[in-house]
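So that you can tell them apart, the chains are marked A, B, C and D in the order they are listed, and the count of residues begins at 1 in each.
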């Protein structure tokens, strides 16, 4: 393991997104200064369904379990989450 | 009992009014057309605490167990009630 | 359903009845009022609740009917206690079952607010220094008037 | 107090806890949401509730804190169920104990409305013709935005 391998964030997916991507989390490398938008771009580069979901403006974002935006800054080991509009209650 | 004795309404008092008047109901003669205002006048003529309570604009009025006003018309055997602003709940 | 009684009531039982009569609807709002441990007087030891039998039930049934015209109301239950109550006792219950969350809240609060200014109940505070009829609060009148304004 | 659990909950127990922690206050408002017997699909047989463990609790605790800044809140309890639910099952409980009736209603409704749009839960409707993620309703978004407007 080199230093670079630590510069990642964990990205979690929930509900419909988790099912469509067929995964509940991936590690995404970041180079600081980084924002959620950078992570979305990296994921979109995987193409097909990834590109589609990353372009969906209804997708909600959380960073370290608090609501966030595409402009929210990220540091290594942050937990990012993408999920559809919530439907509890 | 003559016919005239039937031309009365029952007047009920509750809570503070009942205590201040020291009675929970009286029969008041009416001659039609009559309204609640006529009953209030008859009672006020008794003087002292009766006059005082009948002049109190905060006193609430019910006729046949529905909220009413001084202008509400009355017929014999109606049930009139006077009481303080309600404080339930 | 309106019940005036001296006995205490059981929220769980009332809730279950609302749930049963709502069958298949999604939202139940309840309100329970308790006798406060402080009142107009500092040394209050309890309350005595007087009411106008017959009229009380009619007025509250009327409020439930009005609520049913303004909102989706599948079932509504009101219980109001009378007689002697201790500090902390349950005094009033209002429960509404509706297909919609907002309607359940609105109808429940409307019935409760309107009951405070139109149902013939009177509270007497019992205290070591003597008894005392409670005066109606301006805030209760205002809160009830809000509902008329909203309707206009 | 926020509890996320698969198990059912008991309204009476929650109410008693609110009543105990409010000690001496006068008003308890509760809301209970039930799984409706009809949904986006006609042949719905049940629901599956997914959530984001950890974040869910934080978001709802935040809503309780916000409610406490805006209204008199002596105690608040929220329970949300996850996993498999049948039609008619209890799904969510919000209870608020306050010194004031209006505050109890407002805080309870605020927490419930805001939970609908900000707590990370997702409903999947299970039906004989296949499963289906529920879409967020515009009305829920609107109802939650009302509270922000009222604050301005």
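What we mean here is this: a contact is a pair of C-beta atoms (placed from the backbone, for glycine too) under 8 Å apart; a residue touches a chain by one contact, two chains touch by 3 or more.
All figures in this text were calculated on a predicted structure; none of them were measured in a lab.
Under the contact definition, subunit B and subunit C share no contacting chain. Centre-to-centre, using mean CA coordinates, subunit C is 23 Å away from subunit D. With centres defined as mean CA coordinates, subunit C is found 50 Å away from subunit A.
If each chain is reduced to the centroid of its CA atoms, subunit A and subunit B end up 75 Å from each other. Residue numbers of subunit C whose C-beta contacts span two or more other chains: 33, 101, 112. Contact with two or more other chains is made by residues 89 of subunit B. Here the touching chains pair up as A-D, B-C, C-D. Considering their complex, residues 10-12, 15, 19, 22-38, 87-88, 99, 101-102, 104-105, 108-109, 112-113, 143 of subunit D touch subunit C. Subunit C makes touch with subunit B in their complex at residues 33, 49-52, 54-55, 58-59, 80, 91-92, 112, 115-124, 133-136, 140. Subunit A makes touch with subunit D in their complex at residues 12, 14-16, 60, 62, 65-67, 81, 83-89.
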